[in-house]
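See the structures that follow.
Across the two complexes that follow, chain A remains constant while its partner is chain B and subsequently chain C.
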Partner chain A sequence: MAAIYSLYIINKSGGLIFYKDYGSKGRMDTNDSLRVASLWHSMHAISQQLSPITGCSGIELLEADTFDLNCFQSLTGTKFFVVCEPGTQNMEVLLKFIYELYTDYVLKNPFYEMEMPIRCELFDIKLTQAIQKDRVALLGR
Partner chain B sequence: MAPAAPRSGEAIFSSVDRVNAELFTLTYGAIVRQLLNDLEEVEEVNKQLDQMGYNIGIRLIDEFLAKSNVSRCVDFKETADMIAKVGFKMFLGVTASVTKWDADGSCCSIVLEENPLVDFVELPDTCQGLYYCNILSGVIRGALEMVAMKTEVTWIRDMLRGDDAYELQVKLLSQLPEEYPYKDDE
Partner chain C sequence: MQFFGGSEISPSAPTLTATGAGNNAHMIYIFNRNGVCLLYREWNRPLHTLNPQQDHKLMFGLLFSLKSLAAKMDPTSVDKGNLGVPQLPGQGCSFHSFRTNTYKLSFMETPSGIKFILVTNPRTGDLRETLKYIYNLYVEYVAKNPLYTPGTPIRCELFNTAVDQHVRTISS
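Take a look at the complex of A and B:
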């Protein structure tokens, strides 16, 4: 089964509000993860402006020889992206599901401040379940 | 892979956990009552309810988008329809209709025939200026602001004030460009 290395969530102004490792590969220290997040945010914005066909909403998939990076941006501007093994399928579905978890367990937490780093234990637990559990159940939704 | 198809308000409403409608209605009543006690001025209560709604709206919009699978609306008309047909159904279990479009399509009315917030409510003489459901207008304003639309939402008709329906006027003030860079001080 294909592995997911890490998950990033960036707020609409480009700040990293969540980062977590899920595999043995691709681990980053805090500084590097912040750098990846802000670079990705900028590249995403540039890709929208440079797209040859207008109305493009930005890069969704970056394929490299050692990893894939799948990105989903909500209409409110929050970006979710996972770094995973090359060729991993159905990451759009997983990202969409993570977005739902975010609305349920982060945004509905009355003590979560919007746009600030996410420290919600329930969210962590549900994410780990979603990412590590057999994803067949998820895909069957 | 094709994007997931949009889901109807009914489908979402029936798939989420719900609380007893009376508990919901009574809880909202208790909040309004407490605000009246704390703030004393009806005008202040209206403002506070609107602010509370706004704070809910800026978070609720993401849940709406995540669970309904709707994609970007092409114009404000489609947006208003989404709120009335999907939004209200999904969160309150009622359907609203959209009417009274102005000529340039930037102002309309959302009409609610039924409203679960007011089931047991009768406004006393001392609270005649109160917009009991003002939280709803705040929710709509907050939610739309998060998708780059500045709006002004006002009550036109209110059954608690003797009208025959609930009518919210939604006026689009400006559509913020979604382009970078966002200014730091905004």
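Take a look at the complex of A and C:
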């Protein structure tokens, strides 16, 4: 049983630049993941418009019947979101950590072009380690 | 999709400890299955970005899209259909709330497609029971009202006061 079902990273214009599935049923195909990512981007923007108070920065947590979606938006507008089991705690910490990995291994990669799909081997490796560690920590709890 | 028990209002409403400031709710929306806004009430809304009609349309659109997003993302089912295909109430995976840094939106859809939306302080807990209670109030005071025509905006003083009263008990 996976605690984390999938991870998405979308750039500031809503394009999917990274998608990884960690064992959800009925895996999404490429077109669907792109659609879902840009849909999330717009829903995130609309939720800011509907805020009753000023200073809203978009959806942080969406609770559905069978999953939770945690979203983190960086200052530059890149959004990171994970789909996990309902009620999973400490996802903000994991997202911040993934953001750190992104800045270290993607943005500092001289061959990486901004806003383009992420293809960095080191990032993949570190990410797999982080997710694994998180899962172990979860089992220990 | 949960099923709702009898239509009688339970004598003990799920009142959480009513010791807080008592004004944690911002607004409530009720939509029918066609997207008509049956009821909109606001208690504490300093920011209006749009005119009321556009605001209701945007809210309904947001809920519709989030519902199809949730149905498509559902990691526990294999056959999820295509993104954006309208689904019947209770069909597929839906969502019950989302939270931003400034507000929390709780959502409930009844089997007849009526949508209850409560916008509250982000620190409030699970409001599914509250929404069920408001649905009970709706059944009692609106659906059973012989003067009410389904599909028209709700103009029922008794319902409004009952909702106001219950919403005041929401604590953070």
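Just so we're on the same page, the second predicted complex is superposed on the first by the 128 of 141 C-alpha atoms of A that agree within 3 Å, B and C clash if a C-alpha of one lies under 4 Å from a C-alpha of the other, contacts with A are read in each partner's own complex, and residues count from 1 in each chain.
Just so we're on the same page, a contact is a pair of C-beta atoms (placed from the backbone, for glycine too) under 8 Å apart; a residue touches a chain by one contact, two chains touch by 3 or more.
From a predicted model like this one, the values you see are computed outputs, not experimental measurements.
In the superposition on chain A, A:Gly15 makes contact with neither chain B nor chain C.
Taking chain B and chain C in turn and counting the residues of chain A each one touches, the greater count comes from C. Of the two partner chains, chain C is the only one touched by A:Gly26; chain B is not. Look at A:Ile59: by the touch rule set out above, it reaches chain C but stays clear of chain B.
Once the two complexes are overlaid on the shared chain, A:Leu50 sits against chain C while remaining clear of chain B. Of the two partner chains placed around the shared chain by superposition, chain B is the only one that A:Lys108 touches, whereas chain C remains out of contact. Overlap of the chain B and chain C interfaces on chain A: residues 48-49. Residues of chain A touching chain C in their complex: 5-6, 24-26, 28, 32, 35-36, 39-40, 42-43, 46-67, 69, 83. Residues 1, 3-4, 58-63, 65-67, 72, 146-147, 178-182, 184 of chain B touch chain A in their complex. On the chain A side of its complex with chain B, the touching residues are 12-13, 45, 48-49, 74-78, 90, 92-93, 96, 99-100, 102-104, 107-108, 114. The touching residues of chain C, when paired with chain A in their complex, are 26-27, 42, 44-47, 49-50, 55, 58-59, 61-62, 65-66, 68-70, 72-80, 83, 93-103, 105, 119.
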